[in-house]
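First chain written, first letter: the chains are A, B and C, and each begins at residue 1.
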């Protein structure tokens, strides 16, 4: 795909400032952009790099005066950036409609029209796949599970039995949904597994990264709310309930029966122990570990996680600790000396 | 499955207190239970919720006076809960005995009677699968590895060559057993891989979650002791030796050559660096990282992990640090003033 | 394989000290070695264990006086150890050249001579596999991706489209390369995925463990430099650039757009937040989390990671904190008493 700057401006509904005759064939960051790439400004530091940038054009929200480069002025740079990336996305062949001959689909399963079942896929009895969903090569879907419409399971995704995957869901490669949780009871000298009769419900527009695990419930459901996005290598234990539009970054993990409100954000590597409730809109900073339930709208940080500013203050104080110990030692000596002098006077 | 309360009482060998004519078709938590669900009391907080609970019956160890609900009084609630969950477990079709036509089983492999080899499974030469074991769709088992009796490998499990999996073992989806460990030596300007001639031994009744890794040994064995249970996304490096009946929770990881006694418990996200020994029965709290070997029967917490109470005290002290620094600053001023007054007198 | 000590000495180009007529058939650690095993000394503690060791011979760099055991004196024990392990490596059947009948290779893909495409492998159109590369059972390789020569992808590896895997690369089982990164923008009330037009480049001699994730770039490349080695369960986010000959241990993770120099070492479970630069040769200790960019040649430790010695000092100081708080309380009382005495005099 190759467009002139003017054509691109039209496609993303931008006001063009400058010449429209150059060619654009890709999107690139300010510092990496060549002549045929369009770049963008979503941060002040991007503006600073623009003069030196080789970019053939730039997408901005406010016209930059004095810039010797074609500008595409738009209402929302992020929205325009997504449109532009879609325009220049690599051209791939669409998934082939129907069931690949090497797939094993049980007679009792129902595959809707427009769905694509890739090579080596195994679909057990009672499974239903909705319209236009793509089940890529190597996926396994256990008995009675359902996948909605327009969803996509990438290579080698494993879905156990009785799970419910909604519409417009994306699950990336090698992720496991519906595994048995880590629930044991110590009876008569050994750990006995609690049967996991429950299931997993993944609501619409959820996206889950690669190599994640979502365990099924002991009873009831493990549920991930609509619009929630989950990164790679994330662990979601049995009976967890995650609200809508949450963001869960890479390597985060939460213990059994956690309950999150809507719009909760866990940065990378955040841990949450079992049975914790986190209120809507609360954000937890990278690598923090949450040991106590927390209200809505909070900002947390640290191990254990507490109010972010307080936590950062405590952490930075820790660095002063060796010096503080020395100060206290010296103070102690000085006080002793004063006490001795005082004693002398008596 | 639907039983009367009286029938259920009989099945779990409970003493029935109250009416036995209601119907039960599932198990649920106190707060979620509807009329046809049986709930249970394993914790005092469950008792508090019982009056409001819609549950049709409750499993208890001691009869609760004044409760207007049928009670099933048992010797051990956990044991009865497991029985009840098995009674009401979702009915799934049993694994099909024999080798699926789409599986690739090498002529030199031996599959015992009653074993089930699912679609797309690949079994290399010299492999032996014991009686009644279930190898689910997409598993790959490398040359000369063995799986005992009554074991189950879920979708897409990868077992490398020469590994030994015992009887009654469960390995969940997308887990890798027998990968080469992270052992390099810097020779002549680059990192050279140490060949891993060793193997992995997984003893009887071990259960391993989804998306875990267990590396093979450089020489000798990586060994997981009988009855040990491992959660999802756990990393077990080369030459690790884990004792019997340990519990290793989600996202835990241990470095090369760690040695654990029996009954060691690692909570979620615990890390253990390489070459650490942990004595039998020691418990390490969530997200702790163990940097030093530790005796049997300890309780550890923190990063670095140390004796739990001491560690918690240090952590809670840290919050008081900003105030302490201010206190010391003020004390210092006051001592200076006293010293000046003392000087004046000389 | 079974050699006399003399034959082994010849094979590893060692000077033999002592009798050469015993038989050796394996390599073992000092404490585990039996009569037919050769052991080695790479550490002083190994020397201490040698007298009690049952080993039939020992590989050393300097002859140990008075040791009643055949010694193989070599210039570099590690190099000799690797040679020896290769000599006694378990004999496995080589990968079968050509395409397994159960593999699905698109007509538009090119498989070089000597390459092995295992059972159940799926190779999409436009893919190229280089000479002598081994694609083991269950791997999936997306449209237009390439694998160089002498590389090996183990069971169930998933490679998305347009990725570039170099020569002599090893990727272990259940690893995912080229997944879409965690890049969203909040537009009109929901999180919109940023299309990931970019790719992943894995340079020559890179080795990646099991169950890892390497995300593709939003634009441009995620790149792993030649000779870099990566352990299991590691997360590498979009647009990360890792230099040459780095070592990244198990469960480490790095956020988007991190840039590492050459020879960077991350110990187990290290986290690096997004957009961090780490200079060449810097080493980060186990379980540390890096929140700020850092120059070359540093040693870091802690959460947040800072200069290692300083960080260790601060951590050990923390343990003294409860006592320090008590000391300050007492000092405060003593200063009050002195102030009262001073007031009395006025």
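One rule holds in what follows: contacts are C-beta pairs under 8 Å (C-beta built on N, C-alpha and C of every residue); 3 or more make two chains touch, one makes a residue touch a chain.
Treat the numbers as computed from the prediction; the structure is a model and nothing was measured.
Asker: Between 0 and 180 degrees, and as a multiple of 5, what angle does the rotation take that fits chain A onto chain B by Cα atoms?
Answerer: About 120 degrees, rounded to the nearest 5.
Asker: Over half of the interface residue numbers used by both chain A and chain C, so same, or under half, so different?
Answerer: Looking at both copies, the contact residues mostly diverge.
Asker: Roughly how far is chain A from chain C, going centre to centre by Cα mean, in whole Å?
Answerer: That gives a centre separation of 25 Å.
Asker: Residues of chain A touching 2+ other chains?
Answerer: 102, 120, 138, 156, 174, 211, 233, 251, 303, 318, 321, 324, 328, 331, 335, 338
Asker: Flag every residue of chain B that touches chain C in the complex, lowest number first.
Answerer: So the residues of chain B touching chain C come out as 102, 104, 120, 122, 124-125, 138, 140, 142-144, 156, 158, 160-162, 174-176, 179-180, 182, 184-185, 187-188, 190-195, 197, 211-213, 215, 218-220, 233, 235, 237, 251, 253, 255, 271, 273-274, 289, 291, 303-304, 306, 310, 313-314, 317-318, 320-321, 324, 327-328, 331, 334-335, 338, 341.
Asker: Which residues, counting only chain A, touch chain C once they are in their complex?
Answerer: Those residues of chain A that touch chain C are 26-29, 32, 76, 78-79, 81-82, 85-86, 88-90, 92-93, 100, 102, 118-120, 136-138, 154-156, 170, 172-174, 205, 207, 209-211, 227, 229, 231-233, 245, 247, 249-251, 267-269, 286-287, 303, 315, 318-319, 321-322, 324-325, 328, 331-332, 335, 338-339, 342.
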